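Note that chain A is present in both complexes that follow, paired respectively with chain B and with chain C.
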Partner chain A sequence: MRTTAIIYMKELRSFFLSPFAFVVMALFTFINGWLFISTVNAMRVTTIPYSLVYNVFSSGWFWMGFLFIFPVITMRLFAEEKKTGTFEGLMTAPVRTGEVLIGKYGAAVTVYLAMLAPLLLFFPVFKMVTGQEDAFHSGAQWGSALILILVGIFNIAIGTLASAVTANQLIAAMLTFVGVMLHYFFGFFVGFATLPDSKWAAGMDYVSTVQHVQLLTQGLIDSRPFVYYLTFSALILSVTWHVIESRKWRI
Partner chain B sequence: MIEVSQLTKRYVGHTAVDRISFTVDKGEIVGFLGPNGAGKSTTIRMLTCFLTPSSGRASVDGFDVEKDSVKVRQRIGYMPENVPLYTDMRVKEYLRFRAALKGMETKKLTSGVDEAVETCSLKEVQNKMISTLSKGYRQRVGLADALVTKPDLLILDEPTNGLDPGQIRQFRELIKDLGKRHTIFLSTHILPEVEMTCNRVIIINRGKIKASDTPRNLIRRREEGDLTVEVNGNQGKVLAALKKLPGVTSVKEEKSEKGWNRYLIDSNGKADLGEKIFDLAVERSWKIREMSRHDATLEDAFVDLVRKEEES
Partner chain C sequence: MAEHNHDKEDSIFNRRWSAVGHLAVRIILMVMVCIQFNYLGCRQYNTLDLSRNKKFTLSDRTSGFLRQLRGNVKIVSAFLGTSDVLPDVKGLLSEYDRIGGDRISTENLDLSRSRSRITELRDKYKLDLNRDQLVIIGESGRVKMIGSEELVSRDAATGRILEFNGEEKLTSALLEVTEQQQKKVYLITGDRSTGLISIANQLQSLVNAQNARLEQLILRGRQTIPSDADALVFAGNSRDISKGEADLVRNYWEQRKGGLVIFLDPAADTPNLNSILRENGVLPQPDRVLTVPTIPGLAYKKIYNVPVTIMPGFGPTRDLPILALQLMDRTQSLIVQNNDEIYLSRNVKPTPLMISNELFWGETEFEAEEVSYDPDVDNGRPDPVFTAAAIEKGEPGDPDFSKGVSRLVVAGNPNLISPDGNTQKTASDFCMASINWVMNRDQLLGIAPKKPASYNLFMRNSTFGLLQTLIIWVFPTVLLFCGALVWYHRRA
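Take a look at the complex of A and B:
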């Protein structure tokens, strides 16, 4: 536990002490701020069904920016240490692989939450400033926060795995990006590839981020996405554990 | 302290470490010597639990590197080759992080780090970023990291690699001094270093142990003292006379200038040849203008051992 905390703190520290992190955070918040204003403007001039929350998070623009932050957060985690050789010093200290993995993963999730926080604050601030009580209801607000956290946890697990398989940060970033993109677009294919009454439809719905987002941003807190993202994150992390251990016996 | 038996690491197509066995006792300073690619780092990585042996066993302080890997690592202070460090940290901050990671109690961190800073003379750079430090200082930070928790065993992989001669000397003194408190296992291919610091040398080549002895014995074992004489005299007679001297194993001849010839004499090193050659020269009225002796060094012993292997 203490080892995990020490690694967690060290990772957080090295992330937040680099200007890079703040540039990415600022950019992410700026893009989302611009998207938010555009959505508000659009809703002002035309009649659009659904709430402000729903409209923001089902926008392709949001996901474009959103999926980009995961490679940035996770590419360093293991790849950098392997490149510089500090990985050897780290793993020859009396630490368990699981402790290192959870410390690093936890730090990445924390960084992600810090990036997400300003975006989630847009909505209460909007209500406060404009007094538009009808723009969305609080269920949608909480639901959207939950689904973004879940998707984030899952995507960071993908990024952690990608960073563990290579010593090259760029490759780790590309793998992560491809991974999170594929997973996201997989959900889109549901509409194209299956007829609504096909027996596959239910299964595809189950893994579709698009579907989850639609449900939760309307304030419908469904437990299935929780099970899906949490179990798959755990699965990916356990694969990562084996990847880290594999250096010992690889021939 | 270290017990290694039949330790092997196989990769596809080659065996990096091939059934090696050795022991290191408490309090020893042992040099692990070998040419590049001999299997030194691989052996060390197995000892520090970074790699798992393909077969064979290794234990540190009685704990098996595979079964009790955390306990083994608690007892080792390891300085990897090329001393990788987190360059975005400050020296003291880094040592504090490392000490905590290795399980030092929070209360003891400050004093423990201060002590390591003191031992490795890092006081003047303790608040500097590691990225701004010179190679010599980085090396010392690496050493401070290895000994910050006062482990029983220090394993140093090529600790003086890339240092200048002055720094190497300083480092050597430091290691000698540390040897009073820790068991030290250091790998290197710099021979004078081993000769001066180590009680014992283990020579490894192509994954196999070639010799394990004190530096002095290894030199003695070579049993050859080389002598060069430059003589002006009848060539054939000189050569024949030299060959007849007791203890001489071979004589090679080299043309020098105008009547002078150089003779390279190999002997079994037991007799004092110099004196005999001098007497011989006086007796036969040759002129001698050079006589020099090459004392065998560990380097000769090492090169011999490694070369023998390559020839066979």
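Take a look at the complex of A and C:
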């Protein structure tokens, strides 16, 4: 546990002691702030049946920007260690693979939450400035925060695996981006007429981030997305563990 | 030596392949466990509805009905992906699927894509699946179809969805495909001169939507009420029934536990019909509910259109929210003797259902030029003025009505179902709840339509400008400032 905490702190320090991290966070906040303000502006001129929370987080524009942050957060995790040659030292030190994995993964999740925090703060700030209590309700806020955290946990697991399979940060980033994009687009396959049979469509619905977002941002907290994201994150992390361990018998 | 090296290489090679094999097996097992978890998670899931207006939550009535559903039912949603009703339908079906468990199976089809499945269903059940609709298929092969526009009420001007009635329609359809026999409601005709056709037409569509059939019935000359009658409706009859007909109705209501819905016409003299009510604790008064505004400068005028509140908590209105309604034209008040020991000892429970606005009273001298409240002869003030009531009558000594119950709803206004066709939504909801209640179909009571939320942000330009500055500029600037601080410290 202590080893995990040390690795976790080291990863956090290496991220937050770099001005680059803050530039990325500022850029991410700026882009989403722009989207948020555009949505507010659109809702000023027309009456629509969905809340501000739903409109912001169900927007394709939001997800296009959002999915870019996972490669940025995870590409360094293992790939950089391999590139700089510190990975061998780390793996031959008296630490377990699981401790390294959890420490690094936990740090990546924490960084993700830190990046997400300003975005979630937009809504209380909106209420404070405008005094509009009816723009959205707390259920939608909770739901959107939960789905963003779940999707983040899952996507960071994909990024961790991608970083573990290659020594090149750029390849790791591209693998992560392709992985999270593909997963996100699963939700659209139903609509693209590629899976006409309803059983497949039901399966696609189950893994569809788009569907999850639409329901949770309206305030319907469903146990199924929790099971899906948490179990598949655990599965991907287990595969990552095996990938890291495989270096012992591949040499 | 070379042979030794060759053996060593073979051994490494074998060890590697063995490890790869082990790894593959472990990953396959993990994937299987993960899929199993998700399968179970799909079968046994739960939801917590934190949405505004609880839009994803089914009423207690529907939940109770689904848990006691007899037989298996399949619900097929066949919609175009672009339908604006689809999100609400999907949410609704998900809840029916979850609560109905194994008895309910749902299937979502896209009309533009699932052609093979649509053809299969068309051939099997002889369905016409060319428009957005829900298809409910009972175990016995009984099929009910609900068009998408039946599920919603729209704003005539903008086409925007005002109300989503999906739950009411779907539960009713489920009842239809699982109920042994369709219920029958008889509208007592022959005595009302105006608006009967319009009232019958409106009642017909309301009753059909609840899986019942409406037929007209003339009491004169009959020896008995038809054996298939589940409820009789007196919709403002302008002439009284005879004593013999009253006995017929009384016998039907008390002995056969039939249902009665009576909308009284205050202009009609109906002592025989009223006697059935009087015997059971509801006394129609020879008055008119009215008020006279006492605003200086405003012309003296008697106001007969009565704003009333539907009282929730009992009978047909048990699960309805508090609803307001305006009774048009002439209304008479009802005295409801709900605390009278005489009725309670006979196991009769009269209960008020509608209460008028406190400015109104029951005026007995309503034909006079000028009226004012007279406590000696008029009704109300400070007592409440009731305009509708429900009566339940069971066997003596059976307070829980375990041996059956006779149910009756009475309103002191004949135009709840408006003869000119402009029936208020609340009034028709009340009528249907009453008819369902007197037919002992409690599972169809209190399924209120869901009103979709609408959002429009009104704010001044200055407020919007401040928000814009904070969100777009201040937040990122603070983060950049933190980055600059980090950079400065590390440089130092």
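By our rule, the second predicted complex is superposed on the first by the 246 of 251 C-alpha atoms of A that agree within 3 Å, B and C clash if a C-alpha of one lies under 4 Å from a C-alpha of the other, contacts with A are read in each partner's own complex, and residues count from 1 in each chain.
Note that in this section a contact is a pair of C-beta atoms (placed from the backbone, for glycine too) under 8 Å apart; a residue touches a chain by one contact, two chains touch by 3 or more.
Since the model is a prediction, treat every value here as computed from it, not as a measurement.
In the superposed model, C is the one of chain B and chain C that contacts more residues of chain A. Of the two partner chains, chain B is the only one that A:I6 touches; chain C does not reach it. Legend: residue contacts after superposition of the two complexes on their common chain; A:L17 is shown touching both chain B and chain C. In the superposed model, A:A26 makes contact with chain C only, not with chain B.
Of the two partner chains, chain C is the only one that A:V129 touches; chain B does not reach it.
Shared contact residues on chain A (touching chain B in one structure, chain C in the other): 17-18, 249.
Chain A contributes residues 16-23, 25-27, 29-30, 33-34, 36-37, 40-41, 43-44, 46-52, 118, 121-122, 125-126, 129-130, 132, 134-140, 142-143, 191, 193, 196-198, 201-202, 205-206, 214-215, 218-224, 227-228, 231-232, 234-235, 238-239, 242, 246, 249-250 to its touches with chain C in the complex. Of all the residues in chain C, the ones that touch chain A in their complex are 15-16, 19, 23, 26-27, 30-31, 34, 37-38, 41-42, 45-52, 55-56, 81, 87, 91, 107-110, 112-117, 160-161, 452-459, 463-464, 466-468, 470-472, 475-477, 479-480, 482-484, 486-487, 490.
Only residues 2-3, 6-7, 10, 14, 17-18, 84-96, 247-249, 251 of chain A touch chain B when the two sit together in their complex.
Those residues of chain B lying in contact with chain A across their complex are 10-12, 45, 48-52, 54, 70-71, 73-74, 76, 78, 80, 82, 84-89, 97-98, 100-103, 145.
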